[in-house]
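A, B and C are the chain letters, set down in written order, and residue numbers restart from 1 in every chain.
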């Protein structure tokens, strides 16, 4: 198979077939995939289909707590879960840069297979293209995900209502800082691990006790602040959250101090925000805390009618400020 | 300007030191604070220690805050506001 | 004890903050105006809501203490022109990436193919030069007296090593001349100054004696935690009530009267004073740092003959009033572009880009939900 990815690996000939057999199919075990048809034909689905697509371009490819492959599976599964869907099938399209070490590709694929097993989801279709050196940053992954939404479930960013409680499934900022502290030019030793995880199990546990959850969102790019602003905008409601209630792990807080970052704007890949009717909040909190991915779940605030579209943060000082959408990429500062 | 944070010196090798804050560690330069010793807290700015922190002074400042609290409570008592 | 004394949290206790706010207000005889010179103070004041908490007895004015904000358009254009040269990699602190010059920012230049790397330390720029012998690495030297010694240290390492592909574009400036310019300008009434704590860790608190001695204005050198700032405000209020202008060191755990002599000596060795153009303040003599003749080989201005492209229509032409904000003449909301044409997402001037620019701080923390 060779040590590095070559252009020929993407052109459908012998080398491409070798890559498929010796790498992809060796680790991705699904029968549909192994049938090597042009399309996977799956069992009929009785219920509303949820469909999502995502692309993954993270650098570095391997980071503490995960890699681009794990991220791709979790991210897609989580998008489905945020609509209350049970994830069923994933596709995985790879764009490889000529010169990518084969060992790196293999590591990524092994990780995807393992994560798919953990998330109980099938990778049933795939594709590989190779582009010339410099035309892609090592490896990009595109996915599509299909799930089924159980009857009676209506979860949408438009559903937040005044009086609703806002819950977060755990501490924020770990993924964003795990990446940041590994960036070339910023390298720090730290125990910070990405929180990358598939949340479908947690969501199913939550919906079992409260099918009437109004909103679920995973707080990825732009962090908690971005998600809250999006929901406030789409639901046309005001949101107030309490700084003291938001959990930030000690090392994440320290890294933010050193680099001049705000953890509320740092990405998470295994955390969800849930907006729920007030009478369901404490039951949900209990259920979340009983789940391994929700052990640090907390209630961080509430939805209100005044100041629609605005997110207000109450500080420990009793003062308040607007928590805006992030302006651009998270950048370290010295001033 | 300027972001500088207190970090503890875990070890020193020549003019470099390994510093720690909350589990986050980095190698930084002591070129600007050659007097710093292992166990000291230093202000870190862009990968350099710019000042060795004075424990005694830090304690005294914290004590000031406590004093203020005590003085304020006394005022409350004097004005009959204590619960 | 060591753990307790230096944790940022120890200086953020809300109950102690309330006491200090009350003490500061109680000490004020007539309403006072305090200029907080340093962008880091602006940021902390807004983040913790201290401006409103101290009003109306104490009015806090934001000064030109943000090195990014006071960088002139022409200097930003120069940095961008350098970065765009083939074979050059510009190493910069993250703060400068989105600052617009007359024709775009470093981020825009990077999108056009310029090689721009974000570094945490000037030493990382040195590493970059060592690992890329084919590229010419230029370190963008931005910052006041806190940062200048670190760049000086990197230059000296480069010189000792004879590193051939490393140079510095120095945009460093000194703070006392800017403070003098504000007070000489006579536009603002400034009763007291909240002194920049980390700059003063280098310069020493004696460096501010000209404030009480020449201008009759007390200066409290302040740390950056909310309790540090409130303590300093209280000390200033007391000094003003007692009509006792002086330099007060309210950041004693980090600052001494003499400052960091090693750092100051290094700066004296590697840099010489020059005139510098400050956004909003114009040219201030002897307020900038240039590479000394002995280090000319490491001066990017010497190494590269840059032809600046014709100046585009800069922020000024679009109605940007950063200059007036920097001098404290207007508060950010009084700029016609604030919150409309100029927001953190699409900034017109540097005061909105920099995390500690007065406009950015105001936008993030100062607007009320209604």
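Methods note: a residue touches a chain if its C-beta (ideal position, glycine included) is under 8 Å from a C-beta of that chain, and two chains touch if they have at least 3 such contacts.
The structure presented is a predicted model; accordingly, all values stated were derived computationally and were not measured.
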What chain is most central when centres are computed from CA atoms?
C
For which pair of chains is the number of C-beta contacts greatest?
B-C
Please name the chain that ends up farthest from subunit B once chain centres are defined by their CA atoms averaged.
A
Centre distance in Å when subunit B and subunit C are each reduced to the mean of their C-alpha atoms:
22
Where the centres are mean C-alpha positions, what is the separation of subunit A from subunit C, in Å?
37
For subunit B, give me the residues that contact two or more of the other chains.
1-3, 5, 45-46
Residue list for subunit A, restricted to those that touch at least two other chains
257, 260, 333-335
Two or more partner chains touched - positions in subunit C:
8, 39-40, 66-67, 93, 120, 124, 143, 147, 356
Over in the complex, which subunit B residues touch subunit A? Could you list them?
1-3, 5, 7, 21-26, 44-46
Touching residues of subunit A toward subunit B in the complex: what are they?
181, 187-192, 250-251, 253-255, 257-258, 260, 333-335
Of all residues in subunit A, those that touch subunit C in their complex
183-186, 238, 257, 259-260, 306-307, 310, 312, 315-322, 324-325, 327-328, 331-335
Listed in rising order, subunit B residues that touch subunit C in their complex are 1-6, 8, 28-29, 31-34, 39, 41, 43, 45-48, 50-51, 53-55, 57-62, 64-65, 68-69, 72
Within their complex, state which residues of subunit C touch subunit B.
1-2, 4-8, 10, 13, 15-16, 19-20, 22-23, 38-40, 65-67, 93, 120-124, 143-144, 146-147, 149-150, 153, 196, 198-199, 201-202, 227, 231, 252-255, 260, 262-263, 266, 356
